[in-house]
Structure formats: structure tokens, C-alpha cells
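Shared between the two complexes below is chain A, which pairs with chain B and chain C, respectively.
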Partner chain A sequence: MTKRRTWVYFIPYGLWLALFVIAPVALIIYQSFFDLGQHFTLTNYSTYFRSATYLKMTLNSVWYAFLITLFTGLISYPTAYFIHQLKHRQFWLLLVILPTWINILLKAYAFIGIFSQAGLANQFLTFIGIGPQQILFTNASFIFVATYIQIPFMILPIYNALDDLNPAFVNASKDLGASTWQTFRHVIFPLTLPGVKAGVQAVFIPSLSLFMLTRLIGGNKVITLGTAIEEHFLTTMNWGMGSTIGVVLIVAMIVVMLLTGDQKTKGGTPR
Partner chain B sequence: MTQPLITLRNVTKRYGNHTILKNINLTLESGKFYTLLGPSGCGKTTILRAIAGFMSVSEGDVLFAGQRINEVPANKRNVNTVFQDYALFPHLTVAENVAFGLTLKKVAKAEIAERVAKALKLVQLAGYGDRAISELSGGQQQRIAIARAIVMAPKVLLLDEPLSALDAKLRRQMQYELRDLQQRLGITFLFVTHDQEEALAMSDEIFVMNQGEVLQSGSPVDIYDEPINHFVADFIGESNILPAKMIEDFQVAFGGHQFECADAGIPDNEPVEVVIRPEDLTLTTLDQAKLTVTIDTQLFRGDYYEIAATDTLGNDWLIHSVNPAEDGETIGITFRPQDLHVMRFGEKEAEFDARLETYEELEDDGVDET
Partner chain C sequence: MKRLVSLIVSLLAVCGLLAYTGHQLQASSGSTGSKVLNLYNWGDYIDPHLLKKFQKETGYHVNVETFDSNEAMYTKINQGGTHYDLAVPSEYMVAKMKRAHLLQPLDKSRLTSLQNYDSQFLNQTFDRGNRYSLPYFWGTLGIIYNDKFIKPGSIRHWNDLWSTKYRDRIMLIDSARDIMGMALASQGKSMNTTDPTTLRAAEQKLNRLAPNVKATVADEIKMYMTQNEAPIAVDWSGEAAEMLANNDHLHYVVPSEGSNLWIDNLVIPKTAQHTNAIYAFLNFMSRPDNAAQNAEYVGYATPNRKAKTLLPKATRDDQQFYPDATTLRHLEVYRDLSPTKVQLYNDLYLEFKMHH
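Entry: the complex of A and B
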């Protein structure tokens, strides 16, 4: 009786898991073993790992995802720390979350307007006497917009980690003679590191496969793995190769998860 | 007299309209065990935070060895704290926790290792250095928290209800150990607790607090035997407190009779309160009785019987007796004059001390004459 009930609750989750997680991954892995002529083969993988273009693309993806994560982190940690000290922190946090409710494409198009030749950014540059510059379709603008979009996803876990931090740890550190900076370095940062890791996961992995932004903002100068997959599926119709890159992407994600996962630290898990 | 180590002078702390500390004056001397005792929310932890430097006071001065330290940040004060929930850093090992403060001070590595080992040995956890904090029991964490503080060799150690999370048995053991540690190190301890037994057992001097004020300070015996008012008498130990009238010096009336007492210096016929500790009451036969009571209930407490009784005027009495009585029995109780303690309404500590001094001298003289 009870057992049957439990099964009923599992149905929505089970369906979701089967249809949207297991089936797609299985299909991608399956597809990656077929070439254009529908022959079962390993050539896709050998092509991928022998081709300088693909490897360079992979490196590019990782490099840009790394830069985006780095800048996001450099902005998010101080921001989260600052918001956490404020009086109406829930309100200020809401303002950070607000942009995530707007569709990413909409935000991308907004930036096209802002960064265009006659856009707001260039108007400002003209005003301060630098004159109009090529902003749109540069790597810098790509990283800028991607960072902008990812920031809330990094701020939230860091904020939560700061919120979970027992204030007694900070007092204890000061009590033992630590300055504000030493307290941050030796106590606050190590104890909020799980939040940073969660943020890195939430930012780095999606950044690996960004493709709309690379085209709309980056002008396709940077070809990331995401762009490559899209091209293979929609333009060159080489589903096998697209799937292979997909598999590489999945493996990369797993590696990132393992690297940033919760290792059992020597001192045990923070409170 | 030696220079007091810590002095609070007219310290007041307000949060908005709420006054947490009202004009606190207290002095801590070197090498003694002090306790701040009071119910939760009475401001005792606030005093600790003011001394540690986690909080600034609204008015008044905090002095350390005669120097005003109101503006000195916590990390520059020569005091250390043992926190209520220990606040041991979970990402560091036991040894790293204990070494935390010394490492920041850039003490030589060999010296750190030596001092950490010594501190761990002092709290009887030698060899635990490599353990993770999460592997320790509550009592062990407690000791590490103490080790982490004393390794800094502070002049004053502040302890914020450090035993409240331990079970009864461990708590008793830690009381002995803390007292022993304090005496061996010769550091001033300022211990915060709401547990009156703990305070009585460990302290050289107790400050009894309520609602942001220090009501009475003194040795455990003084406070137990001569509480200043109803609150202190009720909070420290169990007591029978009765409305009474001061007839004249050394004569007080309550329960429909007049009794000899050991108190004086109170205007004649002033309404007062009388405290009698349950263990000072003795069951006796009716013809030797000072008061007659009827036994309501009794509980066996192991080393004594706790007896609840009612006298002829309807006052409740609590009696600790080695021998049992019978429920419903009418029985006599007796006490000695010095077992009575008279308390005036609204008397301040200074007045109280001054009054006690006048007639205690008188009493001593009387003893000399006989």
C-alpha cells in the first residue's frame, strides 16, 4: 500500500528523468558513433581529437568560460559580501536577481542597441572626447555581456554561504587577534568557499556552451563548442560530429563538477 | 591595593529605546574567578562583549589596567573569549585552531608547536592535534575552545556560558577543571552563567544581574547568606521568603509571631521581607516549635527530603530535612536567629553594605564582651 503510493509520487520525476535526461544523453552518445553515411564508426572521435580546429575551439571555449567565470567571481564575491552587510539586504538581493527574470535573448538584443555604432556607449565615448569605437562584435564585448548575464548566478550561492556563516567565527577570529583582512582571508573566505564552488559550477558549465551570445554580441569571432554544435546540427547537418562535440562537452562538465565538488576537507564540513 | 585589571565605569548600553545595561560599575582584579550571574536577557553577555570589544558602549568607560580601551578594537585587546557555541573553525584541525592566534602574531613555528602542545596538555587533550573539529565530542570541543584562548596567554579570559551545552555530569567535571585551571594559570576569569549552582561552586566573586543592573556583588557565601532583595534570594538557591515587620533591632515579626534575628539598622516597624533557607529549618516536636506547619507533600532527593508544608496563616514553606515526615502531619519547625535574614524593600547595594557593616561590628564587639 505505502509502497505503491511512493511509486505514484515518483512518476513525474521518473518521466522527466527518462525523457529529458537519460534519453537525450543516450541519443547523443548513440549519434556520436555514426558518420554522415549512417555507418557505425569511431571517425568522429578521431577527427575531433586530431583536428587542430576542433582542439583549438575546445581550448577557446574553456579559456573564455574561464575568463567569464573569473570576472563574474571577481565582481560577485565583493558584491555578495557588501549586500550581506546592508540593512535591507533582501531588497538589494532582489534587485540583483531581477534581471534573471528577463529572457537572455532580449538582454542580448538590448546590448546590441547599447553597443552599436550610434548606441549609448559610443555616444558617451564621443561625449568624453574619445570618439566612436567598434564595441559590438569584439571579444571584450562578448565577455562583458556574458559576465553581466552570469553574475546573479554567482552572487546567490556566495550570498547564501555568507548568510550561513556563524558570526561567532568572525568574533572568534578577531578575539584571537586577527585584523579584518586576516579574518576574511583565514576564516570568512575558506568557510564560504563551498558557495564560490557552487557559483563556479553555475557559471562555468553554461559558459562552455554559450552560443547565442557569441553570434549576437561576439560576431562569431569566437567559435565555442556551443556554436560548433549548433552549426553541425542546423547548418552542416553532420549530427554525428555535433553529437561527438556534445559528448566532449558533457565530459567537460563532469570534470568541472568533480573539480569543484564537495571534497571532504580535513576540518570537516562547515556548518 | 593592586591596580584593578578591568574596570567598568558608569557603563550604559542602549539599542534604540531599549536599555540593555544601566550604569554598570564593576572592578576585576588580577588572578580571581568572577562570575556574572543572571537570567537570560539580563545583560551579562553584553558586559562580556563590551570587555571583549565586539560591541561599543553607549556611555561610560571600559578600562584595562587603568587605560581607557573603549576605542581599541577586539583584535588589539589582551583578553580572549571562550564562546558559548565554542566557534571552533571547522576548516582547521585541532592544532591549527589552537595555533590560530599565534600564527597571526608571526610567532616562530617551533614556539607555536611547543605552546600548542602545552595548551592541549593543559586541557587533557594531548595528541589530539591532528583531529578534525567534527571528530570531537562536545566536551572535547569545549576544552579545545579553552586551549585556543589560553594559548594566547591573556590577562583576562572571558567565558560565555561555556558549559551550557554539556550534559550534567560532564558539566560538573568541567566546573572542577575550570576552577583548577584558573588557579594554576593565575589568569582572571570572567565567567557568564545563568546557573546559580555553577556560580556558587566556582567563583571568588559573583555579580548578580537582572534587567541590565548589577543587583549585588560579593563572595558566594555572602550572596547566599545575605541576599540583598527578593530577586537575589529567589534566584540564588531555594528559599522561603515571607512578608515581615521589623519590630526593633534584632527583633522581627512574621507568621503571627515575633522572633529574634541577626539584623539591625532598620527603622522600627518598617515592613520588610525575611528569607530562610530550606536547609536551615529543622523539624521538631510541637512543644519546641517556633512555628507549626502541616506537611503537604515530600520528595526524596537522595541526600535529603524536600518537604512542602503550610503554616497556620497559609504561608508555604519549603524544608530540607534528613528525616522524612508524614503527609498531613502537623509538626513544628524551628530555626536559629542567624538563620533569618531580613531584606528591606528597594535597598541599594551601597546602603545595604553600609548597614551590614554598622551592626556586624556591634555584633563582634558583643561577642568580645562575653
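Entry: the complex of A and C
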């Protein structure tokens, strides 16, 4: 194959990359330097870093994204491990993927129905004698629903990493007298770490900018940067400030990518 | 490979079939190229029977596209590429669109029923002399409460909401201007104030409301109030009308000390193409019988004086939606503020939201 031919194959991907990745990011960065009067300025950035509100909001976003990722991870690893042991793995995996086919808004509304005063959760609490509780509009319910939505994106990469793991390593470890826990701790977990890292990327990054759930489930008691961006673009029409927050988020995402990036990873996130 | 090809072929076939049926259905409903009117409206904001009646009478087919916020509509029209003949912005947005040169002036000589409108809703600050806009519906901002949990009559004023009795019981509409405006009105201040000290004081007052706030949400308030999820909400009269229709225990109060009066208006964007259809439609909608029918369908208050007399007595005497003269006098229409002031309102509102 000639060199020219390979170059031709790159055109569709190159165009896509330029139009839908590089151009939008460049536009956001460009916009972020303009204030309400369309003057080229750095005020948006100075406003951001001097405002207690924005800094607190950033902290909130990172903290909630961390919690969501943590809980997703705690549930996903054992689940992926368990599914991998099963006989009809493809079927069980399909069940995990199935919820992602349903629109996120529909899922949020379903949870509103479950968590509301007269909802299933409260009916159950009344049945076991605790009595109805305020579940909706709490931080816990927000984290619960966000975790539920993110779980498939964490299970898949971990499952694939487990699948790539050569069973000979596990057998060797056991032959050499390691206990099940030791095998897991020193062989399985380190070898599937790339899957976990890919999962963290796939979950933490979208969680940083969740905004629909903060309103629908969190009742705007949880305010993240996504809320602020939405407000700047839709209500105040201060696209400059909205873009500035966008740039901050992009930088935060790059940091996460660098921290979780691994040169040894062969595949990427299987999505 | 063979299965993949057959999958693609069958997908294409389904798409083709759907496109064909859709086209046929549209053709049978008579949407021909030139005899159309493109209406850009809020969702479910016109009686569909009226659109059919209009087509029967005039032959113009109305294509309705919907938006869910004034800002979204503004952005879409401003970015071009659309061919809307009529749009329905709220009052402050009329002023903004006017300033951005997005509107065509109304040709008054072609409007036959301007005298049907109540002068109260004409010649407002956002469009003096109604050069660009015709009122469509109006309403207020107020308090909805459920008499299962709240004694009827115990909530009459904004300040009642601050009572410690209502801890974690109030739902607020997620709108900076309205919630800041509510705090301003409760302090006897203008809802259009641009004085930073006054606004800051309003935000301080809102922060004291925070313990009573159960959630700050949007359209979902309707669902929650209907299902008795919360006993009290602050929302617009139109939304309230819908809740009241679905739950007999709900009541709507417009605080007499002052609140917002909003007016949605029909305007002609610069990009309009079907002038004859536009004026036929404006005159059609100004007719008392049609305006009354529309008001009964939508549930909002009509600015059409003659149409109001056609409404059932229970509706037109309903103090909740057609407040008495004193309350009406205290209502304020939002002025279109400069972007920096809008920003100030929103920043303070965001701080309040962060507070709870």
C-alpha cells in the first residue's frame, strides 16, 4: 500500500475531527474572551477566579462527580467480575447495557415517580413502618440516580479488561499457593486497572457537568457548573461567561485524562 | 455481511415508507406550498380546532413550531435560516427583538379588530403604540396552595411565605427575574429596580426563605402540585390554571401588594414571507368568538375585551385569573433591562440557589 492511499483514509476522520472537535473547542475558547459588550478581555476569567460563588460551585461539581464515580466503581467492579464468571455472559451484559437505550430524561421522570411522596419507595417505607420520607430533592437521591445512570459505562470497560485477562495468570497464582484474595489483590486487580481507569474517565467527566438531573432530581439544591453554563447560554445570554466555565471544565477533563491515562492501555473505552 | 446488507436495506425501506406516508398525510391535510402560515409558538398555546377553522375559512394551512423559552426563540430567529411568519414573545422579549431589528412593524390599516382589545394591555412601555405587537394572552405571578395542608385564606401576601410554619414546603419556579421580583415586591420595591443595594437586600431576604424552599424546579411544578407533593408553589397564572383544573384542592393567589403582569404578544419576525396569511390570521384571532374559544382552551386570561364577555361567568369573574382593579393596579410589567443588569439579577439568584 502506498503512503498516499493511507493518507486518503484519514480524510473522513480528519474532517470529522476538525469540524466537530477542534472547531467547537476553538470557538468556545475564542468566545470566552468576550464580555457582554463584545470587547476582547480577560474579565470573564478574573470574574470566575475571584467569585466565591463560582469557586464553591466548582468544588461542588468536583465533589459530586467524585462521589458518583466512587459509588459507580464500588458497584461496577464486583458486578463486572460476577458477570464474567457467569455462563451466559453476553445475555447478562446485554441486560446491563439495556437501560442506556432509554433516554435519560425518561429515566429521570421514572425516578421522580418512584421517589415522590406517594411513590413506590415511600409506599415501601410506610409498609415496613418507617413512614414516608422526603426522598426527592435530596443530595442522596441525586447521587443515587446519577450513579444508576453511569453504571453501564463503568461496567463495560472493566468487563472487557477482565475478558482480556489471560486465565493462565490466575491459575499460576493459585498453583503457587496464593489465596483467592491474594490472587485478586496482586494479579487480577492490577491487570484490570486499565479498565477501571477507562471507566473512571467515562463516568467522572460527564458527571462534572450534569445539569438536568440537578434540577429534576436534586430540585436545584445541588448546583454544579452545568447549571451555571445553562443559565449563561439560555437566560442571561452571556455566552462569554458560559464559555469561560466551559473552558474550565475542558481543562478539568484534560487533567482527569492525564491522571488516569495509561500508556500500556491497548484499547480505549469500548463504547 | 449479507445480514448487514439486508438490515440496511430494510431500514432504508422503513424510512422511505414513513416519509411517503408522512408526505401523503400532509398533502391530504392541504398544506400546499404558498397557502401556508408558519407560526412559532409556545407548546400547546393555541386551540388546534381554531387552526382547522382558520384553514377552512381562509385556505391557509398553519404550520406550528414550538419553543420553550423566550431566549431559545430569540436565539433561533436571530441566527437566521428560519421563515416564521408569526412568533409569540413575552413583553420584555418584544423590546429586545425590536432593538435587535428582528421585527416588522404592524400595518394597522390591515388590522380590522384592534378596538376589541382592552386598553389596559395596549400601549405598554415595551412597545408604545403597539407598533410591532398585538397582545395574545396575559397573566400574573402568584402563589398556589393546597387546601388539604394550608388553611384557605392564610396565604394572601408574599411575606406569608417566609413564615417558619412552611419549612421545606415551598416550590419555586426556576426563573431569576420572577423569584428576585417576588422578593422585591415583598419589600415594597419595584420589580424593575436596577439599584444594586436594593437587589442585594432582596437576595438577603431570599436567603432567609431558603429553609422553606423544598425545590426550585420548572414545568415539573405542575405535576408535583397536582400530585400533592408540595403544599405551596410560586408559579405563573397559566401554569396555575392547569394545576387547578387537575386538582380541586388547589387555589391561586395574586398578592395584592404587587406582582408581575406578563403579556405574551404576536409579532412578525423580519423573516416572514406570507403577509396576506399573517393579517388574515391576526384578524381571525382578534375575533371575540375565536379569542374566547382559545382562552377557554389554553386557560390563560385574554386581553380581548369583547372575548372576555363571551366567557362563562364563572371564568370571567374568577378573581384568581382576572384580579380586581386594586390588585391589577399594583401589577408591574417587566422592563427589558440592559444585559449587565440581567446578569446582576441572575448572579444574585444563582447565589441564592447556592445558599440552600
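Just so it is clear, the second predicted complex is superposed on the first by the 248 of 271 C-alpha atoms of A that agree within 3 Å, B and C clash if a C-alpha of one lies under 4 Å from a C-alpha of the other, contacts with A are read in each partner's own complex, and residues count from 1 in each chain.
Please note the rule applied: a contact is a pair of C-beta atoms (placed from the backbone, for glycine too) under 8 Å apart; a residue touches a chain by one contact, two chains touch by 3 or more.
This structure is a prediction, so every number in the text was calculated from the model and none was measured.
Applying the stated contact rule after C-alpha superposition, one finds that A:165 touches neither chain B nor chain C. In the superposed model, A:215 makes contact with chain C only, not with chain B.
By the touch criterion defined above, A:135 lies against neither chain B nor chain C after alignment on the C-alpha atoms of chain A. Applying the stated contact rule after C-alpha superposition, one finds that A:202 touches neither chain B nor chain C. When the two structures are aligned on the shared chain, A:145 is found in touch with neither chain B nor chain C. In the superposition on chain A, contact of A:228 is made with chain C only, not with chain B. Considering their complex, residues 52-54, 73-76, 79-81, 83-85, 87-93, 96, 100-101, 104-105, 132-135, 148-149, 152 of chain B touch chain A. Note for the complex: chain C touches chain A at residues 69, 71-72, 74-75, 168, 171, 174, 176, 214-218, 220, 223-224, 227-229, 339-340, 342-343, 346-347, 350-351, 353-354, 356. Residues 166, 168-169, 171-179, 182, 186-187, 190-191, 265-271 of chain A touch chain B in their complex. Contact residues on chain A toward chain C in their complex (touch as defined above): 36, 53, 56-57, 112, 116-118, 134, 136-137, 215-216, 219-221, 223, 227-228, 231, 234-238, 241.
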